[in-house]
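Two complexes come next, and they have one chain in common, subunit A, joined by subunit B in the first and subunit C in the second.
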Partner chain A sequence: MIGYYISLAMRSLRGTPILSTLMIAAIAVGVGACMTVLTLNYMMSQNALAHKDDVLYAVQLDGWDPNEAADTPNELPWQLTYQDATALLRSDIPTRQVAMHRFGFTVTLDESEMRPFTAEARITTADFFGLFDVPFLFGGTWDAAADLSPVQQVVLSKATNDKVFGGEISVGKTINLNGEPFTVVGIIDHWDPSPKVYDLNNSPFAESEEIYIPFGLHRKFEIFSWGNTNGWSHSNEEGYEGFLQGESVWIQYWVELDSAAQKEKYEEFLTGHIRQQKEQGRFQRPLKFALSKPSEWLVLNEVLRDDNRVLGWLSLAFLLVCVVNAVALLLAKFLRKAPEAGVRRALGASRNAIFIQHLIESSCIGVLGGLLGILLSLLGLGGVRQLAMGKIDQIASMDWLMVLAAIGLAVLASLLAGLYPAWRISRTNPSIYLKTQ
Partner chain B sequence: MFELKPMLSALWRNKISALLIAVQLALTLAIVSNATVIVQDRLEKMARPTGIAVSDIISVTFMPVPVNYDMAGAVAADLELLRNMPGVVDATVTNQIPLSGSGSASTYFTEPNQEIGGENANYYQTDEHFIDTLGLNLVAGRNFTRADFDVIGPNDTYEPRVAIITQKFADVMFPGEDAVGKYFYSGGDGEPREIIGVVERHLGAWPSWSKAGQVAFYPLLVTGNHKRYLIRTEPGQRDTVYKQIEEKLAERDPQRVIHLDTLSKRMAQSYISDNVMVKVLSAVMTLLTFIVALGIIGLTIFWINQRNKQIGVRRALGATRANISRYFLVENTLIAGAGLAIGMAAAQVINHFMVNQFSQPVLSIPTLLVCALILLGVSVTAALVPAIRAANISPAMATRSV
Partner chain C sequence: MLKMHNIRKSYRTDTIETHALRDFSLQVNEGEFVSVTGPSGSGKTTFLNIAGLLETPTGGQYLLDGEDVSSLNDRDRSRLRNEKIGFIFQGFNLIPDLNLFDNIDVPLRYRGFNAKERKKRIEKVLEQVGLSARAKHLPAQLSGGQQQRVAIARALAGEPRFLLADEPTGNLDSLMARQVMELLEFINEWGTTIVMVTHDPDLARRAHRNIQIVDGQVSDLQHGTIGAAREIA
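Now for the complex of A and B:
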């Protein structure tokens, strides 16, 4: 029966080409606009660490200006000072813990024609790879000792290894960073979480870093952050050591706590640390710290911005207009075919049968509109990619879930649009039409 | 003369279809008017004057490879070379690139040793060529001289003695007064910085910052592991000069990595989200209006087909073509008018939500009215073609199938 209804529907669509095209176009444009915006919002709302959402926490401490709270949604500075980060690293409570920040090095090779280039770097403790589940292709991370003392070792991204060593296993080889030799200890596989949940300070949709360097090299290279450095205290101590021991926040800090008991213990540890610092005259604000799960961290950092939400709502309203439009057009079309339905009713078709037949006709329009809508949203996403100048290439693309959602949305919209017209036509009295014929 | 009574009773019989058109127009008005204020707001934001000769400026960032590098010497030699290149007006060294979205800011006070109640300003460490290079307009005081210029290491403690600030920052720090010759201070600090000049305008590092335009400049070079230059070219020469810069700099000193950009590109990148908002919303508005217009055309054609016979009878009874067309146009105007009236209320409600939840701009009544009028025009235009066609129905239709 359904097959028959579908063939009836296709015949009926061909019978009124202009109205049918208008309806399909309305649904297609509605779905296209909606899916363009919803895909962007959906991709921006991804949590690459969802599988570890219950065990990972971003750490924030309130050591900010006694006169004024930090200018963030939870009034805690996003990052830690170097002195607090190194103090927290001494705790053995977390299963893993990462202190890190963004940096950059010039990369050169001895006896090579390769043009020097600047590599985006992450200065981090060795737990980074385990904590964030970064897969290694070859080798592994540096010894934990390298996080405390200057050891010139480096982990390369797959792309960097391809670029510098032509993809060969370069573990054990040497590259020069800022003119100093570093030994390659590992090469990670392609790893590019988007949004970049582990570092939302530096454009959340940027690619992940090209090289990874141990945390113990700050003093040797006098490393400053290539991300945000925020300060409130002007009491400058002398030299680079003064900067390290100062109140500027520039270190991002994550911990892995596998159980509630472990988390409680760590909270006690943080409280103890702050109390101890208060005794030394630091942390003059009320005692406050925060441990945020990756999902909470994404919300706190407003990765999905107000602008995106506005576009989301507007595009849904747009789809609503398209649905109302389709209702009006379907009503017109069905009423025009009322005599046909009258004849079918007279020949014994039930009201239900007429209703179902017309609903199927609307969903055919929905499927066609949905398919066209997917093409339109691909165009739309292409347009947005262009407008964003390559900044959001990773997120302006549809996955299969979004393609299914597009078709689902289109069928839902057209079923909704078809409901009233189909009901209306199934209720008409057949005798009127039989008389006039 | 508008045959309102029969029209209303005819409409009442087709109330669902009429209602559907009215609802479409109401929703459309609510969306379009709210989108319009956002677009207006963003366009105004992007059109703000920067005070900078953006389209003639090239930015250079370079990082030397060797560990012990004579940064001060390299900067002096590079600037000498750049300033002497044909097509180059001037060049300067800077810690950050204006309008690029990255920069430094600090809190400043009008009295020494204060810690609360300061004003924020974006600051630049540059040299006496920055006014010419950026194309700024010095409105009071004097430019830096070579004697003001200092070179320090990245970890040296240092307090600048002189500064040039923007008019906007001057107005914030010293409202209603002449800022030249006044002193200002870094927080908790007693070292005075003398304001020696005021430039008319410089939008600073972050165009979206609430304090954009509050900027201070210091004559200072902090040596570090990377440095930046800004180069202003003769109008129209930018792209020619751009191609030569990397080669010239590499020729002088190959031991470094050089990155070039145009300031236009950096500024466009800073405005990406505004630009995306404007383009996407404009596309939505256009498509929406188009879809609604198509819907109105479709429905009007359908109605007229339904009423072929009625039209034929009216024509046979002496109604002119103009009467018939007018009937459908007035009918359309009635429906559209009702829908747009509802839409105006809906637009206000939605705007309230947008302002409170998403900090978007407030919708003004004139904007709302203009949007409503435009949609009314679209609706009537959409009904026009079918209405004129209706007038061509021959009176013979009336007698055909009775």
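Now for the complex of A and C:
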């Protein structure tokens, strides 16, 4: 009977084209607006590291101003000082650990007509690729020794390798970064988690870096951060060394801890580190640190902000308004067809059969409204991309789950809209219409 | 076949209660052709709606084929209506968007017949009413008499044992009315029990038996050519 009801629904829709178009448009506009906002929220709340959520932790230490807590939700600085990061790197407890920050280099190539360009870089330890499951196309990462000593090696992104070497296997070749030769040791495949969980200090929706450089090169190249650097006191030492040994926080730190025991041990290690620093006059605030899972890190950093959530609720309210309009239109349409329902009742249709028939007609309107709503959502997301000038291209796009969600939402909305009209028509007394038709 | 005992039907508004049927008792035997007459508002249509399971009585007992249908739920009443009862209306009540084939298909769909069985039955009844060539026409493309023949075909497609006709010739000219009446008589001869509400005394006389309803009660019986006297409470 479902097929029969669908054919009746399509016939009915064709029979009242204007009314049907209005209903489909009401659902489509509601779904379109709603899905535009929900898609943005959904994409913003994605956790690219969900598969490692139980083993990865962002590290925060409270070495901040003794007189004033850090201005963050958990009152811990987002990043670590260089001296703390290098101290933590000496621990052998984590399975993997990453100290890193964002930087940039001018890229040139000897004996090449390639125009120099500035590349976004990540200064990081070798574990970065394993800890965040970054896939390699060719080669691999540098030796762990390069994390603490100056080794001029580089890992390129696929896009950079395509740009500089035309996509060739460039492992072993040399490129110049800020005029210094670096040997290519690996090329990673396309990898662009969004939001960029591993670095939410800078734009959470920025693209991944183009080149990756060992952490041990700071002193040689006097590398600062191209992201946020926050501090609360001046260093006693002058110059770059003073910066490295100062209280400025600019290093992001992640660890991989595979078991509860390992985590407990690492927490003891952090406690010991802080106590040791306290003895040296640092860390004058109460002993406090945090290990946050990627999912917790996203929440803590408020990637999906409260105003986004409010906008989500508003869009659902707008959909509700559209549904109420659809209810009125459906009621008008169904009641106009009440005589036909009366005839069907006389010919053997039960109230339930009439109810289901009309509910399926509502669902057909929902499916058509959903498909149109998806087009409107895509238009809406296109508009958002234009407004953001390419900064959030990755999140302002629908994946298949959201396409299915749009259709599901439309069908649900139309079913809700159709419930009362379908119930009304199934409960009307057929004899009224049989005599008067 | 049909036995009603002390059936009552009343309609209530906030201020008025109207008694459409009062202590209405009637028996119709299998194979009978019964005409029902009476002034407007006497309760003829209410009787027909209750007989056709479209309305439930306020009180009394209604036995259809020996089964007490007074207390059946909507699903069972709909199933019985579909299997045992055919309707013919004054206004034909064909669904305007559906062609003749699809109109006749409606009760068969609810019966759950497969496509092959439905097609066979539809073609058969269309042939019986002489409209095989018009199967794909819409009702609006037919004359009133032809539309009523389609309605009869639709009523017959499920091979009901009981046909209820509410002024089936009321909207037809005399020639077409005669043709429809002859068709009903032919159907009755093949064994289908018919109860026909009519205002036309000539048509009423052609039935085996005439029942007159006045003020919601049976006021008179005229015995036709078959059957013995029926008990009236």
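One rule holds for everything that comes next: the second predicted complex is superposed on the first by the 435 of 437 C-alpha atoms of A that agree within 3 Å, B and C clash if a C-alpha of one lies under 4 Å from a C-alpha of the other, contacts with A are read in each partner's own complex, and residues count from 1 in each chain.
What we mean here is this: a contact is a pair of C-beta atoms (placed from the backbone, for glycine too) under 8 Å apart; a residue touches a chain by one contact, two chains touch by 3 or more.
Note that the structure is a prediction, hence the values are computed from the model and not measured.
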item: Touching partner for A:L387 - first (subunit B), second (subunit C), both, neither; value: first
item: Subunit A residues touched - subunit C or subunit B, whichever exceeds; value: B
item: Contacts of A:N352 with subunit B and subunit C, given as first, second, both or neither; value: second
item: Touched partner set for A:G408, first subunit B, second subunit C, both or neither; value: neither
item: First, second, both or neither for A:P73, with subunit B first and subunit C second; value: neither
item: First, second, both or neither for A:G272, with subunit B first and subunit C second; value: neither
item: Subunit A - residues contacting subunit B, complex; value: 18-19, 22, 25-26, 29-30, 33, 36-37, 67-68, 104, 106, 108, 116-118, 176, 178-180, 222, 224, 233-236, 238-240, 242-243, 305-307, 309-311, 314-315, 317-318, 320-322, 324-325, 327-329, 331-333, 335-336, 380, 383-384, 387-389, 391, 420, 424
item: Of all residues in subunit C, those that touch subunit A in their complex; value: 45, 49, 52, 54-55, 74-75, 78-79, 81-83, 87, 89-91, 93-95, 97-98, 106-107, 109-111, 154, 158, 166
item: Residues of subunit A defined as touching subunit C within the complex; value: 1, 4, 11-12, 15, 339-340, 342-353, 429-431, 434-437
item: Subunit B residues touching subunit A - in the complex, by the definition given at the top; value: 16-17, 20-21, 23-24, 27-28, 30-31, 34-35, 38, 63-67, 115-116, 154-157, 186-189, 224-226, 255-257, 259, 265, 268-269, 272-273, 275-277, 279-281, 283-284, 287-288, 291-292, 294-295, 298-299, 301-303, 305-306, 354, 357-360
